[in-house]
C-alpha cells in the first residue's frame, strides 16, 4: 500500500524551518523513499515568515504543492492561524509552545505542544529548538528513522560542524521524550 | 470589362516621381475609378531613389503591389535597369531621355523616350519635367483625362501655387505632343 | 521639561527597535511578551517621555502616536499622566 | 611642389562634392556626364594635384585612390604625369 | 455590431497610416505615444504635424516601444482614450506591457503595421504576427480584440471600432494591419468626429476624492486564489466578447472551395475567386474581420466533407490553425502562404484552387466507385 | 532521440533551479546572462556561487532581460554554448531578441520558469506561456525547440537535450518549466560532465582569418525575395525537427479516456489516472515532452470516436488547441485548467474523468438504441 | 483614540490619514515604511491627496497602493517613470509621483529614468536606494557597493567584473530637465525631517511646472543585508553614505 | 590598378582591404561612409582584422557588415552594446567594437549603453550622432537640436514639450568604467585624421584591457536634414558643434 505523509513546516525565517524539511527529505531519500520539498518562496516570505511542504512517499509524488496536510509543524502564531484548519482530520499538529499565543481548538486531530525553545535554551543552544521539534514529530510519525536523520546530518553538514551532531542527537531525543510523555498524558 | 492599368513610376527623389503617381491617382479617384498608390518605402529609398506603383481600375483593386506592369515611367538609369524587364509584353515604357545612359533593348513593348528635362529647362522650370512625362504617358494611356488632372491639381495644390497651373497645363501638352509625334515617327 | 507620552499599536509593531534607539529619553524598550505576529513589540518603559516625536518619525510601521501635554498660554509644565499607556490598535 | 594625382572610381562616386570642397588645390570638379547611378561624379580638372590625400580622407565612398611621385632619396621633385587620370573601378 | 460611424461625404486619397492617424483624432484620441519604425512612422508624423489643430491631444515620441506601451498604460489608467502604434519588432518589445494592460483591464488601442519577420527581417508587408496578436505574445492567459482591416477605409473605421470595443470590454484592442495597407493610398471616406461617445471611467486614477475609495490599477495578486479569480473574470469577458465576432462572407453558399484570408490577402483572394468563377469553379471567400474573437462558428457552419478550405496568408501558416480548429476535421483544410514581405498574387492562388478542384474531382470519382 | 547522458551514481537532493544550473555547467555552458526574477533567481545565484569552480564560464548579471537575451545573441554568435533564464514577464521582454536569435539561426538555451500571469500576476507555478513558447511570442514565423520537464531530474537532463538540439538545428531551445519545478527539491542523478560534444561553429564570428570569407550574423534581408528564402529555409528546418518529437505514453492502449498534460501537470494526471484505474476506469496519459515539435501524429494515432481526450493544464486552455488539431475531430477533446498560480489536484481531475465516463456511458447507451 | 485621553494631552504626532490601515508587508525596520509615511504626510499636510496620482514599482514597494490612501497605478518593473509620464501628460494639473527601488530605476528602468528626466516631466521621482534587490531575495543591485555580498555576488561585488555602483542621481542631475535633485535618508528623526522638506519642496515646484524633482533616499534592507535594523542603519551610514553622500545635488535658485 | 601606373608614382592613399568592394547604400555625402573607412583603416593598419569582431546597429549603418570586411554581428535596435558585451565576454582577447547611431544608442538603447560602460566592458563604442533618425526617414533623435525640424517635430523640437538634446557622452564620461571618451567629426581632412588617432588609441587601450572607449562622431545626415552634403557639413559646424563640441571629454593620463 502506498504510504504518504504530507507535512507543512512553518514559522519564522531563522528558526530552521526550511532546513528541518530538508533533513526529513534527505533522510527519506537515503531510505530509498520518494520525497519532495517545496518552500513558500518570494515576497510571501516578507515579514520573516517561512514554510515548506515536505512529502515523503513510497510511490512517485505527483504534486509537490498540496493544500491540506497529514501533519503540521508550527513554530509561530501566524503560521498556526494559517495552517490550523489545513490539517486533515486525524492528522498531527506539532507546535512550539512559547511562540503560540492562541492554541488550536481542534479536537479531530492530535496536538503536540513542545516547549522546544525553553529546552533548547536549557541546552545552551537556542537554534537547536527545531531538532527538538523534529524529534517529537518523528516520534509520532516515524517517516524516517532517527538514526538515518543522524547519518543524513553527517552527510549534509560541513565537516567543521560535525561536532554538533551529538547535540543534535540529544535534541532529537528530548523531542521524542516529550512526544512520548505527551502521548501518555493525553 | 474590367479595365486596369498597373503603372510603375521610378526615378530619383526630388524628380516628382511620387507626386506624379499621386496626381494620376487623385484624378482617377475623381473620375470615380478605383485607385491605389503604393510607394517603395524605407531604406530602399537610401541613395535617393524613389518609386511608386499606381493602379487605376474600373473594379476594386486587390493587391496594391504588383511585380509586372502595364506601363513604366522611368526617370533614371538604375530604375530602368530594375524595371525594364518588368514591363508586360505589349506594355509601355516612358523614359526621360537625359537620365538614361543605356536604353532598353526590348522590342515587345512600346518605348517612348522624352527629353523632358531639356524641355523643362527651356520652359524655365526644371521641376516641371515630370508633368511633361506625365503628359506623354497620358497621351498613350489615357487612364485619366488631362482636364481632370488639371482639376485635380487645383484641388491638391495650395492656393498660393495655383498660378502654376497654366505652366503645368503647358507641360502636359508638350508631353502629349512628344508622344503623339513619336507615334508618327515610329 | 515638557511631558508627553506615546501609544504604540502593539499588533502593528514589528519590534524593529528603531524607535527605541531614537528616543533621547531612553523611554522605550521591547516587551517581554510577543504579539500575534510573533514580535516583541516596543513599549513605554518609563514615564519620562517628552513627546519629542522622534520615535514616531523613524517608525516604519506608523505604529506610534505621540501625545504632549497642552501648554497653557503661560507655558506651565503640567505633568498629568495620560490614562492609557500602551494599547492595541 | 610635390606632384600627385588621384583616380576616382566613377561608378562608385555619388557626386557629393566633399572631395571637391576639401581640395586645397581646387583640382577637382564634377563631371558633366552622369554615371549609371545618375550622379555627376568627381573628376580631376587640373593637373596641379599634390597628392595631399585630403580628398580621399573625406570621401564617404572610398572612391579615391591617391598617387604621389616617388621622391628620390635626395628629394628631387619629378613631375612625371601618370598615364591614367580618371578610371572606372 | 459595427460602431455606427458617420462618414465625410467626400472621399480623400490617403495613405492607410495617415487615414488611421486622422481617424484617431476624430475618434477622440487624447494621448498618443509611439516610436518610429518603418512602415508605420507616418502615423506619428501625421499626428505631430496635425497636433497644433488638436491642442487637447498629447502626441509624444517616446524613447522606445517599451516606454510607449507603458506610457499608454499610464494614460489609459488615468481614463483617457490612448493609442500606440508600431511594426513587428517594436510590437514584440511591447509584449510585457501588453500583458500588464490586459491584466489590469485597461482599454487602449495598439496598431501593428506588420512587416516581414522574423528578426529585423524586411520592411515589406507581412501577416507573420497573427499568432502573437491572437494567441498572446506576452505571458499568461489574456487576449486582445484583434481587428484586421483590408483597405485604407477600414484602417480609418477600425480605429472607432477598436476604441469602442476596448472601452466597452475594458481591454486592449489591436488593429493588425500590414506595411502595404499602411503605405498605400486609396480612396477613403473619413469617419466624422464625435461619433464615439466618451467612456465611463469611474475606475480611473485621477485623484481620489473623499467621496470614494482610492482607485488603483494593478495586475498583481500575490495570492494565487485571487489571481485565479482575476483569470476567471478575464475568461468570462472573453466569452462575452464572442458576440462581437465579425466576418465577411462572399459567395460562400454554393462554394466547393472556400478561401479564408484576412486583411490585404483577402482582397487578393477575392480576385482569385473571381478568376476561378470565370472558369466555372465555385469558390467563395471568408474574411475574418475580428481575428480575436475568431469566427469559429461561422466557419464551422460551412464545414462539410464535400467542401475544401484554402487558407491564404502572408506567413508560414498561422490562421490556418484556427480554421482547422473551426472545421474540426469536417473538411480538409489547405494552406497557401508567402513570407518575409512577399504578397501572394491572384494568379498563384488560382493555381492552388485549380489543383484543389482536380483533387476534388478525383475524390468524388473514387467515391463513385464505392 | 534522447541525448545519451551519463549520470552520477548517487542521487542528490536539489531544487529544480539548482539542478538545472549545475547541469548547465556539466553540459559545457560557457556564458550565462540573466536577471533576477522569482521563481528562477536560484539559477543565477547557484551559478555565481559556483562560478569560482568554473573559471572558463562567464556568469554575468545583466541590467535587464532585454540586455540578457541580446548578450546571449552576442555570445551565441561568437560560437559558444550560452543560456539565459527568466520567468514569464521577463521572457515577454525577450520576445524581440528571441525572434532575432531564431532568424539569425543562433543556438542557445532559454529557460522559462513560468509563474502565474498575465501581468505581474503571482509568483506561483503556471503553464500560461505555452502559446508564447510554441507559437511564437515574438514577430514573424519562427519556432523554438520547447522541452517540458516534469521533474527535477528532467530539469537537469533537458539542459543537455536542449543544447544538443539547439546546436544541431542552429536554433534557440527553450526549457518550459514552472515555479514548482524550479523551487521544489527532489532526488536527482546529475548528468556527468563531458557527455555533450562541442559544436562545430564555422559560421561564428571570432575574427576573420585571411583563409575564409567574413562571417556575419544577421536577420536582415531588405529584399523580400531573399527574406522569403530565409523563411523557407527555416520552415524546412522545422519540418526536419519533427524527427525529434518526444512524448511519454502511459496506459494509452486500452484507455477510454486519455489525459494529455505536460510538465508538472502530467505527474498529477498520473496520480488521477491511478485513482481512476483503481475505480475500474481505463484511463491513460500522454505527456508531450517536446511541446515544439508537438506530437501531433502520436496523439492522432489514438484518436477514435469511442475515446475521449481530457487536456489538463495550468492555464485557460492552450495546449488543448494542439490536441484538437491533432485529433482533428476524430475524438472529443475536453479541457480542465487551473490558472493564476493554482495547481490542479488529482482529486479534481478524477472528478472530471468520472463525469466523462458518465458521458461515455450515456453515449454508448444511446448508440445501443440505434 | 484621543477621546480616551486625559484632557490635558493633545496628539502631536499620528499616522496621516493618507495612509490606509493595512499593515505593511515590509520586514521589520525596513526604510520603505518610513518613506511611504513621510510622502503621505506631505500630501496630507499640503491637502493635495485628492489631486495626486502615484505610481508604484515592481520591487518590495510593489504594494505601495495598499498603504497609500490615494489613487495609484502599479507599473511594470522599471517602467514607473514611463507610466508616470502617461499620467502626467493627460492630467497636467494633478500631482504625480513615482516611487522606485534601485533595481527598478537604475537597472531595468535606466532608459525610462533618463528620458523621463530629460523630458523634464513635471513629476516627483522617489528613488529608494537600498543597494540591493530586496523583493527577489537580495541580489546585486546597480548600486550595490564594491565588495558587498549579495546572493548574486556571494564573494562580494567585483567592480572589475561587473562595474562600480552606479551613481545615477549624479548622472541625471546633469540633465536640464532635472529641476531639483537631492539625496536623503530616513535613519534618524533629523533625516526624516529633512526628507519631508524635500518632498514638500518638490510638490511645491510641481505646482509651478518646474520639471522633474528627483529625491534619492538611501535606505536599508535589513533582510537583504542580513542584519538587524539597527545594524543595518549603522552599516548604511558607514558604508553607503561615503559613496552616496546625502545632500542637495541640484538645488534650484528658488530653493536656496 | 597600380600596375597600370607610371613607375614614378606610388599609391599614398587607397581604400583599406578591410573594406569590401560593395558600394554603400548611403546617401551622397553621408558621414557613415567616412567613419566606416576610418575605422577599417585603423584595423587594417594595426593588423588586427583577424582578431576583431564588430557589432552593427539598426539604423542607416545596419548594413555595416556588408562593407566591413571582418566578422560582424548585426544587433537588434539599441542593443549593440549588449551584443558586444556577449561577444567581449566570451572572446576576452579579441578586439570588439560596436557602432551605433544616436537613436540606437541614446534612445532605445540608453539602458544598455549606460550599463555596458558602467561595467567597463573592454570595447570601443562608436557613436554616430547625426541628430536624427536617418534610416526611418528623419524623425527626431534624442540629440536633435532645439528648434530643429524633423519629420516628428515639424515645427521644430520644442524642449519644453520633449526635452533638450541629450548629451549622453558627457553623462557616460562620468562612469568609472569609461576609460577614454572623446567627440570627433569627419567633415574635414584634419578631423578625419584626429578621429583615426582616437580609434587607434582606443584599440591600443583595448589590448591592455582598460575599459570602455567611447568615441562620439558628430556627423551629418544630408537626407534627413534636407540639405546637400556641403550645406549639411556647414550646418553641422555652425549648429551641432556649439552644443556637441568636439574634443576629448575624458582623457586617461596615459594618453595625455
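First chain written, first letter: the chains are A, B, C, D, E, F, G and H, and each begins at residue 1.
Operating definition for what follows: a contact is a pair of C-beta atoms (placed from the backbone, for glycine too) under 8 Å apart; a residue touches a chain by one contact, two chains touch by 3 or more.
Given the structure is predicted, the values throughout are model-derived calculations rather than measurements.
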{"item": "Reaching subunit G from subunit B through chains that touch each other, fewest steps", "value": "2"}
{"item": "From subunit F, the most remote chain by mean C-alpha position", "value": "D"}
{"item": "Where subunit A and subunit C are represented by their mean Cα positions, the distance between them in whole Å", "value": "38"}
{"item": "Mean-CA-position distance for subunit E and subunit A (Å)", "value": "55"}
{"item": "Mean-CA-position distance for subunit F and subunit A (Å)", "value": "35"}
{"item": "Per-residue overlap in subunit H, given as positions that touch at least 2 other chains", "value": "26-28, 62, 74, 76, 107-108, 110-111, 115, 135-137, 142, 161-162"}
{"item": "Residue list for subunit E, restricted to those that touch at least two other chains", "value": "38, 60, 63-64, 66, 89, 96, 100, 104, 120, 123, 218-220, 222"}
{"item": "Numbers and ranges of subunit B residues touching at least 2 other chains", "value": "42-44, 47"}
{"item": "Complex contact set, residues of subunit A against subunit C", "value": "12, 47, 76-78, 81, 99, 101-102"}
{"item": "Contact set on subunit F toward subunit G in their complex", "value": "35-38, 41, 44-45, 48-49, 52, 60-61, 63-66, 89, 120"}
{"item": "Footprint of subunit H on subunit D - complex, ascending", "value": "4-5, 7, 11-12, 14-18, 21-22, 39, 51-54, 56-62, 64-70, 78, 80-84, 87"}
{"item": "Complex contact set, residues of subunit H against subunit E", "value": "58, 62, 74, 76-78, 103, 107-108, 110, 133, 135-137, 139-140, 142, 151-155, 161-162"}
{"item": "Subunit E residues within the subunit B interface of the complex", "value": "11, 13, 38-39, 123, 125, 179-180, 183-187, 264, 267-268, 270-271, 343, 345-346"}
